[in-house]
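Letters are used for the chains, namely A, B, C, D, E and F, taken in the order the chains are written, and counting of residues starts over at 1 for each.
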Amino acid sequence: MGKIVTFGEIMLRLAPNGYYRFFQNDQMQATFGGGEANVAVSLANFGENVSYVTKLPNNPIGDAAIRTLKSFNVDTSDIVRGGDRIGIYFLEKGASQRGSVCIYDRAGSSIQKASRSDFDWNKIFKDADWFHITGITPALGPNLVDICIDACEHAVKNNIKISVDLNYRKKLWTKNEACDAMTKICKYANVCISNEEDAKDVFGIESKGTDVYSGKLNKDGYIEVASKLTEKFNFDYVTITLRTSISASENKWAGMLYDGKNSFFSKEYDLKIVDRVGGGDSFAAGLIYSLKNNYDNQKAVDFAVAASALKHSIEGDFNRVSVSEVEKLASGDGSGRVQR
Amino acid sequence: MGKIVTFGEIMLRLAPNGYYRFFQNDQMQATFGGGEANVAVSLANFGENVSYVTKLPNNPIGDAAIRTLKSFNVDTSDIVRGGDRIGIYFLEKGASQRGSVCIYDRAGSSIQKASRSDFDWNKIFKDADWFHITGITPALGPNLVDICIDACEHAVKNNIKISVDLNYRKKLWTKNEACDAMTKICKYANVCISNEEDAKDVFGIESKGTDVYSGKLNKDGYIEVASKLTEKFNFDYVTITLRTSISASENKWAGMLYDGKNSFFSKEYDLKIVDRVGGGDSFAAGLIYSLKNNYDNQKAVDFAVAASALKHSIEGDFNRVSVSEVEKLASGDGSGRVQR
Amino acid sequence: MGKIVTFGEIMLRLAPNGYYRFFQNDQMQATFGGGEANVAVSLANFGENVSYVTKLPNNPIGDAAIRTLKSFNVDTSDIVRGGDRIGIYFLEKGASQRGSVCIYDRAGSSIQKASRSDFDWNKIFKDADWFHITGITPALGPNLVDICIDACEHAVKNNIKISVDLNYRKKLWTKNEACDAMTKICKYANVCISNEEDAKDVFGIESKGTDVYSGKLNKDGYIEVASKLTEKFNFDYVTITLRTSISASENKWAGMLYDGKNSFFSKEYDLKIVDRVGGGDSFAAGLIYSLKNNYDNQKAVDFAVAASALKHSIEGDFNRVSVSEVEKLASGDGSGRVQR
Amino acid sequence: MGKIVTFGEIMLRLAPNGYYRFFQNDQMQATFGGGEANVAVSLANFGENVSYVTKLPNNPIGDAAIRTLKSFNVDTSDIVRGGDRIGIYFLEKGASQRGSVCIYDRAGSSIQKASRSDFDWNKIFKDADWFHITGITPALGPNLVDICIDACEHAVKNNIKISVDLNYRKKLWTKNEACDAMTKICKYANVCISNEEDAKDVFGIESKGTDVYSGKLNKDGYIEVASKLTEKFNFDYVTITLRTSISASENKWAGMLYDGKNSFFSKEYDLKIVDRVGGGDSFAAGLIYSLKNNYDNQKAVDFAVAASALKHSIEGDFNRVSVSEVEKLASGDGSGRVQR
Amino acid sequence: MGKIVTFGEIMLRLAPNGYYRFFQNDQMQATFGGGEANVAVSLANFGENVSYVTKLPNNPIGDAAIRTLKSFNVDTSDIVRGGDRIGIYFLEKGASQRGSVCIYDRAGSSIQKASRSDFDWNKIFKDADWFHITGITPALGPNLVDICIDACEHAVKNNIKISVDLNYRKKLWTKNEACDAMTKICKYANVCISNEEDAKDVFGIESKGTDVYSGKLNKDGYIEVASKLTEKFNFDYVTITLRTSISASENKWAGMLYDGKNSFFSKEYDLKIVDRVGGGDSFAAGLIYSLKNNYDNQKAVDFAVAASALKHSIEGDFNRVSVSEVEKLASGDGSGRVQR
Amino acid sequence: MGKIVTFGEIMLRLAPNGYYRFFQNDQMQATFGGGEANVAVSLANFGENVSYVTKLPNNPIGDAAIRTLKSFNVDTSDIVRGGDRIGIYFLEKGASQRGSVCIYDRAGSSIQKASRSDFDWNKIFKDADWFHITGITPALGPNLVDICIDACEHAVKNNIKISVDLNYRKKLWTKNEACDAMTKICKYANVCISNEEDAKDVFGIESKGTDVYSGKLNKDGYIEVASKLTEKFNFDYVTITLRTSISASENKWAGMLYDGKNSFFSKEYDLKIVDRVGGGDSFAAGLIYSLKNNYDNQKAVDFAVAASALKHSIEGDFNRVSVSEVEKLASGDGSGRVQR
């Protein structure tokens, strides 16, 4: 099977340990993560051949980000070195009624200042059959919009499937900017990954009667959103994650896959959350894996939701689970018994 | 607005990390806390001008306690230095069916051996309009009862409002001793903060039909207790916290405010507990903030309960939250979603 | 009262901290544990006179295992020193839908290579009136089956009661091997400790209509299993733990004691799990304590279940609780309130 | 005595624990520091009234930097809030033949993008009689050169003494840029703090026959440099730190003070290094303290060198020592005996 | 061979990790130690039969102190339980020119408030042939002087050898008080352990020409001190430790044994210090071991000095070394090569 | 340039943190290392193309070992998966007079039980031009001797240079066994890496007048040993590391290279040791790098010694340094100044 290429920003993630608030003591967990990198690592853990494309500074922090990706068997040979700094995000984990807090310090990062000439997409896409990006990458600046479109054009030319996770970040751009750029990008895409908020924020597509803060979800609404997205962009698949936030410690989590005709809902999991960052990315990875491996639609969404349910039990951005672990859960054993 | 003065003991808090039992390994968290200090820090975090009054030994441990208070912008200029030692408490955090354990080692502390001449209340109360104490302070000894009364008299003379949190500690004094002292002190007080056990332990005031261990609460009973307290001491306000302990990991938490006529109940929160020490103090601080800022009665109890709900998600005695975080929760968003 | 003797393997337990997956960072908790050692420590914490019998290498790791047992007041004077290595197990704690993972690295351990002549049971059983083993020990090899039988014969000769926890470990032996060996051993035993899976795996005894993965339990089924076990081996008591795994973070936990005629069910606890390894062992210890101290049957099972409910809230293999803590819970206070 | 004002950048300092190389594990010490902030904290620890002036972002990281300064009793009321980010530096501590490594990530920090109108020097200098800056601040950009000159002009107008630590940072500006800016600033200064490299890098002033890498120092050379600096800028005092780097673990450390006529050399200390960052800043603070308190010249340099010798034994940027601890060492007791 | 009895206070030791100053972060090492307990553990590690006698509060902290002693195979069956608290000492480890700092918080400890009737010396001394105390214990109060004398009288009556380590603590009593009490106690003693300062502080015995701060030692002076002590108290042996403090990180360390006629000096070790607390105690233990095992005088002092040299490389109060490790060093291999 | 292949065992390394003795607390550093793996990582850090060949169990511990190697860019594609366990070594770091302690628990490891058919050397050596092994690998058993010879024969056939580090481990085999096997292997080798002890232990080759414990070294003796080794095996190069152990904290370190005619000695470094495990391996890697890159003989030994001097300042088995860092030191800058 062909290689998967993902493109975006990998950041240094700095997080107080446990449930400490920022700077409550003098230690921080220093790891790496970021939407597209999370997808890459997840897919590599599933045994896929994955290349991660980004630009990183030529210093020991850039080296460490690459070492981390290499340790997961992600191909880093197309990472461009240069620029001034790695993007950073500070994460304070929430609990109970107190939500997690993210502070981004990513302006001026190497990837944010990258130019089209940094990436030779013909070379990068050699042997590839899938390309994944998210809405975070074009949000980094007009140069990134151009680079993303460049990549998509090359992908299409090479018969590479494209998946796009809408992932709207309001601190990075306005809804109008997002709509313009994502409209261009989605035209190339085969698979759209979203949650209800993203579809609304980016394209103004929403269903009636669902309030993401209410703790209730409405199946018809999700189908309506998926169908409107499909109409607009002619996607092969639209998939939507369904998160019900009871508190920062407990979520309900499910997903839906829409193939243009039918919708497939997964079971819903009651999650006791260890770390919810990267939950959506692990879903995207699970879905890409399922589609690449020709799982039927129900199995695909079940696999993606099980994979991402497991992610919520794992510290850090990356989903450190294997296919067999996901399949064990997807097949119904969520009892968490000891594996001796 | 005027300064708030709180008076009491700040202790060194020594706690095993995580859910370890005492001395299960060789590390302990060493922080500071104590009922009135917790109120002071909480109010300072809300932007109030707060002075903390106590007596601390002239050694690096006393210095560290002061540094900590200063870091929260608490005024420490009226802290008296001298005496032999800081009080200590050892805390073992509980989980599930295993309750937390507190061992006090506070005998002989500088504040416990303080004398009336240590505190110049006229100077301390300059620019103040609120004074807060708890039942823990007079429980430290007859000298402290005298100092508290001294303080209250000066407060009354200066038109300073007084709030008293009953906070009965059975290891420090008998119910009779508590009743005698607290009866004297409550005569000066405008606001009484209690829970049902305290009112019963200190003044023998209880309602029918409520069992604090039963997991059920009875609204009428709380109103009855508040009304009896008001009758006895002519308080402007009586406020009662309503905790239902399901286990050491899960509590339900609500509050009630009684203004002599009407009672106002907050919504009830389902808490996943990170650290419940200081929960009552964070409620008291929330209430004082609300009353000082002329919140209406419903909003006042809602703010106080939301503030203290958040405290349960935070490690250590101190409630490290801002007014905007409390208001976000009080206004209904307890979903714990990530703030990006 | 007489001494309790337990016999088996104590292992080095290596576990990532918190909810990290294996080798997610470079630190591991290094403690000691193992079925029979856990029972010994638990009983010593209840104030019983307990001797632990095993074989440990003559190196600092063996020394440390012994130091640990000594610290709990377990008699280690009958531990044989020699052989090449201590058995090791690696434990990754699960959370939510992700189950805990155990990797055993115990082949070639000193106890596994022990021979009958290593143990002088007459000397070991001096002053003893109770002997406890589990199905893990004979599973280590035919030499261990022989040693266990040897021990049982000496025990019977000395009027020492024998309790056997079936504890089937599929990675150590086949069901047939287990059935052969455990049939021989159970003939000597007075008390059988099991869960439904063990009875089925070892002796093919099962009830109709219970699915351990279904989250439901069936009282009649448990009575049926206990009664069949009693028929087969003429036990004085059969006791069965009833675990309902909702997730790796939440279990329901209860127990049943059958005295050949009547069955006694404990209340069921909702556990928020800190560490579930050693849960069954802490139940066995609670039961042995109860029976040795002539508790009536209902109180015995209540004590055993309360003891083991508390274990789930404690890090490490050992149940670090006192009789008074267990009795407080067994008598109904599971509210987890702070003990000040 | 008057207030001391220092102005510059305070950064988030991220350092692997112990002697780990960058990202060797997943934990980092997260503290705060920076040349001028280090001087401020050191002087506050000596009991001086110090105000620190900078610009910090309006987020929890900026809050934490301020909390830290407050905890040391540094006046933070003139810190301007705004801008996008706090500057960061990553520090890897060296040992033996492996030198420490600093990676700066400070571009775009709030202070670097500050403008003259951010600072109201008349207000800031109220009650002040000393102003301290270093060459790092103007190196942040032309706007900072302007702000520094602005500050110096106001200081001179208000009869405030000015001390300047040359502190050349080659990654921030060229030697020519440094020479231009520092020539302007030094014209206002009364006290110049330098080491031989700085004088050479910034002003091209050097002595013959000293090689900073050779491990030998040459007293006449230092006098020559001080005298040339004095000639050029008419300083009241020039002081030079004399570091001999034997390895990253061992340095020799001394200082010299030149009053325009005579030179005063301190004794030389053999340092076993715990953390050498901030060594020069702690010397500057010691000198400013000595001069403000009218120590005679020999005592002044002895105090400054003893203060900074102690700094090398303390983790973090800040010199956490009191006047009495410095005086104990300056008076000759460097035996490191236990103070019981 | 007979049992060794030691008597004194075991304290909770709270120390910041690494070279942090007090409360520089929020973690502390929490272990146990104290002069006589250190001797007991050291001797138990040498394989001796040792009983430690003290009084400890009946709470989990007292339990933990006992667990720790038990883990080293120290007999704790004569420890009395009761009183209010365990003594505490806070230790900040020094480095380079910065000395370690000890803060004692031991007033009101269970042992300090003990009375003569707490200890049944006839029972305690059963099977004993050695009794060890230090000058710290009688310094705790007149009641402790009485208890110590009581113990000594019983020891003498039972032909038990007595060793006394002078160990003067100026924060606990005056020189006059020390002289009075220690004069009484030393009359019973066979072996006196001292350093030059103690002999001078307690008995005013000093040699000419030695300055403990000068970094030089004078052999004749030590012989003179030992001989004067012997004259006064008719000791069988006087032994003196010779410490030269170069800095908190480096000491020279040697010892001398005087048998009433001849003096025996050990070689001198260059110590790179990990933790110097308990250095003197480990020497005392080495000497007691040597004398009990009839080592010749030279070998005795060599063993004691080697044992205590190793102690300086070990974290915590206790000397965690075996006889074979000490003998390896005493026999000349101090090269620190890896033992594979 | 061609690929380097190294072959041997990579072990799980478990070490107490800091200077703790084994099991002094409940945490251990869990990393990976082993002679040949250390060489592989070191060479990969120098930018070489390196493949590491071993056999590892098919479990998460084996996975983690491979992840670690991958993170350093070591090619792991020829690692065979299978067998039962990974070898383990426990390391207690020494300090001052206390030497480090190694406990090996490697019996039964996957590589130890490997067979010749596990390794397809023709495939492994594709594109390779260097093969490195040490005396540790054949010491694991006769099967490993065979595999090593197999590998060497294939290497010779393919014109691949072979370097052998004698590395005698007395716990793994006798001197006679070592002599037999290493004689066979050395016949194939081009480069021999040794220290004086190894040459003596394995081949009985020693010089007169050098005592490795004496702290002195004798240049002529080393030349004599190198020349005798060359005579016996016709090596192109013999290189000897010269370690003088002053204590566990301080070593002197140098090296010598002999090309059959002339000897080249490096400068000698004074090392303050952070972690000396892997010191010899880092020397071997430095030498192989130098020879592969055609450094002249003096520069080769200087590079190798500088590389290994740096290793002693780095935690863990692996030498985490780049070529430029080594060259900076080799060219004379060992002052350890901060690199800003």
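Operating definition for what follows: contacts are C-beta pairs under 8 Å (C-beta built on N, C-alpha and C of every residue); 3 or more make two chains touch, one makes a residue touch a chain.
Values in this document were obtained by computation on a predicted structure and should not be read as measured data.
Looking at the partners of chain B and chain C together, the chains they share are A, D, E, F. Shared contact partners of chain B and chain E, listed by label, are A, C, D, F.
The most distant chain from chain C, with centres taken as the mean of CA atoms, is D. For the self-contact between chain E and chain F, the two sides draw on mostly distinct residue numbers; the shared fraction is below half.
Listed candidates were B-C, B-E or B-F; the one reproducing the A-B interface, defined as more than half of contact pairs identical by residue number, is B-C. In this structure, the chain pairs D-E and B-F differ in their number of contacting C-beta pairs, and the larger number is found at D-E. Taking the CA centroid of chain E as reference, the farthest chain centroid is that of A.
Computed centre separation for the pair chain C/chain D is 62 angstrom, with centres defined by C-alpha atoms. In this assembly, the C-alpha centroid of chain A lies 44 Å from the C-alpha centroid of chain C.
Centroids of chain A and chain E (each the mean of its C-alpha atoms) stand 62 Å apart.
Chain F has residues 18, 21, 24, 26-27, 67, 101 in contact with two or more other chains.
Chain-to-chain contact here is organised exhaustively, every possible pair of chains being in touch. Residues 67-68, 70-73 of chain A are the ones touching chain F in the complex.
Residues 24-27 of chain E are the ones that touch chain A when the two sit in their complex.
On the chain A side of its complex with chain B, the touching residues are 18-21, 24, 94-102, 104, 169-171, 213, 215, 245-250, 276-277. Looking at the complex, you find that chain A touches chain D at residues 14, 17, 21-23, 26-31, 59-61, 64, 67-68, 84-85, 88, 90, 92, 101, 103, 105, 107-108.
Every residue of chain F that touches chain D in the complex is listed here, in rising order: 18, 269-274, 306, 309-310, 312-316, 320-321, 325, 329, 332-340.
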